[in-house]
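Look at the two complexes coming up: subunit A is in both, with subunit B in one and subunit C in the other.
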Partner chain A sequence: RAPSMAVPRLLRAGERVVPFPARPARVTPPPAVGASGLVLQSRLVPCKPVDDKLLSEPLSHPDFFNVKELFSLKDLFDARVHLGHKKGCRHRFMEPYIFGCRLDQDIIDLDQTMQHLQLALNFTAHIAYRKGIILFISRKRQFCHLVESTARECGEYAHTRYWQGGLLTNAHIQFGPGVRLPDLLVFLSSLNNVFEPHVAIRDAAKMNIPTVGVVDTNCNPCLITYPIPGNDDSPTAMELYCKLFRMTIIRAKDKRRQSEVFNELRSKAEGN
Partner chain B sequence: ASGPEKYTEEFIKKQIEEFNLGKRHLANMMGEDPETFTQEDIDRAVAYLFPSGLFDKQARPMMKHPTEIFPEQRKIQWGEDGRPFHFLFYTGKQSYYSLMHVSMENICDILNRNLAGSRWLTKIELEEMLLEKLSDDDYSRFIQLLEKLMTLPCVDMEEKHIRKFSKEVPMQLKKVVIEPLKYDERGVAFSTGEGTRKTAKATVVVYDNGTGKITVNGIDILHYFPVLQDREQLLFPFQFLDRVGKHDMVCTVSGGGRSTQAGAIRLASAKALRSFVTEKEVEFMRQAGLLTLDPRVKERKKPGQEGARRKFTWKKR
Partner chain C sequence: MAGNRMQKIGSVFSRTRNLLRIGVIKKPLWFDVYAAFPPLREPVYRLPRPRYGKVKDVVRPIFYQEDEVRAKFYKVYGSGPRPFNLSQSNYKSTCQRFVEKFNELKEEGKIEEEKLFEETGKALLASGIILQRRGTDKVAQEDHQGVETRGSVLHLQLQTVLEEIQGKKKDQEEQTPELAETQKENPLPS
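After this line comes the complex of A and B, so read on.
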C-alpha cells in the first residue's frame, strides 16, 4: 500500500511520495503479466460485481490478514535474525538498515526489520488471496530442501537450483506458448553461489514482477520491491522465515475460500 | 519457432475423429462390417485400392491411427487457470529436480533417525519366548549360530526372522561418573586416578588427612624431579583447590621424559581429587584445563623434508 509509511526507505526512480489522505480510496490491483509479456487485462482482474467486492475489501484495511501477530521482536532475536556479516562485507546500500557494529560484526536494526517484514508478509498475503503464483527462490544449498518443502506445503512453487538465463525473459520458448509467469518472487537469500545478486531480481524487474527478499548485510536491496533486512545464513532464521511465509499464504488462501463460500451463500439467499 | 513441430491436443483429436470416420467409409466401400474393421483389414484395403510399385514399403500410401504417425508431445503442464501442476515446474527440469528432492528427504530421514544399537535376547527372554527350559550351553550355541548367520551375504531375505531374536537398545549419552571415596585399613579416605601425556602413563593414589608428602616410584619428589618446573606442575591441582598440605600422594609413572611424566602425574592427581571435591569445583577444574588430556603428540617426519616441518636447506644453484 504505502511507500509513504513511517519507514525510511530509499526513494527509487519514478516513485513519488503522495500524502496519505490524498490517495484514492480504491487502489487498482498490480497488473500481472499475460501471455505476450505485455501488461494485459489478466486473470487477476474480476468481471462480476460480487467478485469486485471480494477483491477490493481486503485493500481497504492496512493489515487485513493480521500478519503482525505471527511474529514478535523476541522471536526474531531468538532466531538470530539480527546477526549480519563482518564490517568488510557490508554493502553501501544496507547502511540505513544496520543498527551498529560490535567486534567487527554488523547488527541489523530489528525495529526496521519488523516493519519491513510486516509490509512484505501483508503483500504476500494479498497476492495469495488473489490466487497469484508465488515462486520461492534461494540458492543456499543447506536450505534448498527446506525451501522446496515449504513451497510444496503451501501449494506454491520453488526454484532452488541453477537458474537458466531465459526462464522469465524467454519463457515462451523455454516452456511453451501460453505459460503463466509467477506473480511474486520471494527470495529467501538474494545472493547466488558466487556472492553476486541473483539474476532473477533483475529479470523480475524487467518483467514487472514484484519481489520480496531477505537481504543480508552483504546484499544489494535496490531492485527488490519489499526488502526484509535480516540474516539469511542461520538455520534458525531460515526456519523462521519459512514458517512465517507458510502461515501467511495458508491463512490468505483459507480467507479467500471462506469469502467465496460466504458470497455464494449470500447470492443464493438473495436469489431466493 | 525452433525445434520439432508441435501439435496441439485439439489438432490430434480432430485427426483421430477423421481417421475413425475414414475407417467406416473404407469398410463400407469394401462391403465389410464397419464395427469389426481391424488395422490389418485397413492395410489390405488400401493396398487393393491404391496399388503402388514403389520398392520402399514406407513410401507406399498408408492409413494408420494418428498416435502412430504424429510423435508424442509433452502434455501441457498447467491447468485452466494457468497454475502449473508440479511445484518445481519453473526450474525447467521438474522430474529430475523432484527426484533430487526426494533423495535429499531420504538422506535427512536416515540422519535424523536415532541410531540404536541392537542386542540379542537374553537367555531368560528366550526361555519366555519358547516356554522351555534352556541350558547355558544351548543358549550360547544358538547365539553363535545367529552371529554366523549375520556374517553371510544376502542376510536381508531372512531379516524378518532374525529380528524376532534381537532387541533395540537406544544410544545413551555417556555421563562421566565420579567414583566415590574408598577407605583403607587405617580408615583413611583415598582415591585413585590415571593420566597420560605423550608416551608417559601415571597412576596416582591420593590419601586424605595427609601432610603433603608425595612419592613417585618409591622416590621422594625432591629427588625424582630436581627441576622446580616439574614440581610446580605436580602442585598445581592442589593449589587450585586450596588443599596444599592436606593430601598425601603415592604415584607410579613410566615412559616419556621429565616434563611429560610431570604432566601425566598432574592429570592423574586432578582426576583423583574429583572424588574429594564438590561438583561446582569439578566444573572449575574442567574450565581451568586440569581435567583435559593434552592431545599433542610427536608429529611424524615426512619424506622430502628433514623433520616434521623443517625443509632441507634451499640452495639457489
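After this line comes the complex of A and C, so read on.
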C-alpha cells in the first residue's frame, strides 16, 4: 500500500503515510505548479517540517479565511435552513437551538445557526489549510451524489454508503498497518437510514477525531464537536451547505499554496 | 501507539490534551485550531434521559397578532381563490392581502370592531378579489342548518321527494332531474 514515489524524508520504522481509502470519490488533487515553477507535493508524501509561522499565523486572526462573507441570514432563510421537523420528532438536546414551534413544526433559530456555521466553516478551513484529510459523510440517498461530487471538487473524500463497523476503530486490520485516518469528519446528515445517530459520530469520538455536523431537530448534537443546527432534508439547504464547504476548503487550500510559494520566494531572496 | 477510546468521558479535546500532557501521543493536526477556536459548547456526552413527571414544553409557540384574523378568514372563506405559489419568496397570498387590508382599516379607526371583517371583505371585492364563503353553494346546508347527521338529512330529502311524487302528477323527465339533484346533495359533509 505504500506509494511508490520517492520519499524525500526518512520515515520512522513502520510508519507509512497512506491516505484513508474511502470510496468512491477518492481523488488526489493534481500537483499544482506554483509561480516559481515549483511542483508542490501531494499529500501522499509527508510534508517537510513547515515553518511554525506559516501554521501559527492564521490562528491569531479571528476569521483568517473570511468565511463570514460566504453566507448571510437571508441566504439561510431562502434555502429553508430554519425548517425543522414536527414537535413529536424533537430531540431533547436540540431545544436550545430551536427558536419556536409554529403549528407543531419546529423553527430553528437562525442567529445561533449563523454563529455555529461560522465556527464550523472556520475550523474546516484551518484543517484544510494544514493539509488535513476531510471526510464527508451523509447517509441520505437523495443527496449522495451531491456530496460525492462536492468532495471530488474539493479534492477531499466522501463516504455515503453503508458504514462497516470497524472502518475507523479497526482500520489497521481492515486497511493494513500505517493507515492515516481522516483529521475531520463532516456530517451533512447525522442520522442513518433508520433515523438513528450515525455510527461514525461515536467512532470519531472514540478515535479522538473532531467532527462538524449539520444537526436537524431530531438529531443528538452531544458528541459532534462543531454542530450546525439546521435543516438537512431540503435540497436547497443541502446544496447551500455543500457550496459553503466546497468554497471554504478550496479557499483554504489556495491560501496555503500561496503562503508556501511566498515563503519559498522570500527564502530564496534572503538566500541570495 | 496509545489512545483513549472512552467517548462518554470528557470531550475529544480534553482527552487529547491529557494524553499529550503525559506524552504518549504527538500533537494532532486539529489540536491548535481547536484551542484557538473552541466551539460554543464542549462536546461532552450526555445521556438522553426522558423527562419525568409533568412535562413542560420549553420551546415557545410562535403566534402573531394577525393569526386571529387569518384563522377567521380560513374558517369563513376556506383557502383562498388562488393557490399559493411558494417558489416566489415575496408572494402575497389572498389571506395575506386580507390581513393587510384589515390592519389598514383598523388603523383608520372609522369602522367598528364587529363590522371590520365584513368591511375588509367588501374592500377586497372592490379591488377585484372575489371571495367565496365556504358552503354557500350547497343547497342542503341552507335548508337543514340545524341537522347534524347524514341519516336525518337523507330521510327529510326522501320525504320531500315522496310528497312531490304524491302531490303533483309529474312526468318522468321532471322527476329524474330532481332525484339526481337529491342524490348529488346526499354525500354532503353535514
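The rule we apply is simple: the second predicted complex is superposed on the first by the 222 of 272 C-alpha atoms of A that agree within 3 Å, B and C clash if a C-alpha of one lies under 4 Å from a C-alpha of the other, contacts with A are read in each partner's own complex, and residues count from 1 in each chain.
Going forward, contacts are C-beta pairs under 8 Å (C-beta built on N, C-alpha and C of every residue); 3 or more make two chains touch, one makes a residue touch a chain.
This one's a predicted model, so the numbers in the text were calculated from it and none came from an experiment.
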Message: Let me test your reading of the model: by the given contact rule, A:P182 touches which partner, first (subunit B), second (subunit C), both or neither?
response: first
- request: Compare subunit B and subunit C by how many residues of subunit A each one touches, and report the one with more.
  value: C
- request: Report for A:H145: first if it touches subunit B alone, second if subunit C alone, otherwise both or neither.
  value: first
- prompt: Touching A:L167, do we find subunit B (first), subunit C (second), both, or neither?
  reply: first
Task: Return first, second, both or neither, reflecting whether A:D232 touches subunit B, subunit C, both chains, or no partner chain.
output: neither
- request: Please indicate which partner A:D216 is in contact with in the superposed arrangement: first for subunit B, second for subunit C, both, or neither.
  value: neither
Partner chain in contact with A:E156 - subunit B first, subunit C second, else both or neither: first
- request: Would you check which partner chain A:R102 touches, where first means subunit B only, second means subunit C only, and both and neither mean what they say?
  value: second
Query: Looking at subunit A, which of its residues have contacts with both subunit B and subunit C?
result: 131
- prompt: Across the complex, what residues on subunit B touch subunit A?
  reply: 2, 6, 76-78, 81-84, 87-92, 97, 101, 104-105, 108
- line: Contacts from subunit A onto subunit C in the complex sit at residues 55-56, 59, 78, 87, 90-93, 95, 98-102, 106-107, 115-116, 119, 122-123, 126-127, 130-132, 169, 183-184, 202, 204-210, 220, 222-227
Message: List the residues on subunit C that touch subunit A in their complex, please.
response: 3-7, 11-13, 15-16, 19, 28-30, 32-34, 36-37, 39-40, 43-46, 48-51, 57-62, 89
Message: Could you list, by residue number, the parts of subunit A that touch subunit B in their complex?
response: 43, 131, 133, 135, 144-145, 148-149, 151-152, 155-159, 161, 164, 167, 173-176, 178-180, 182
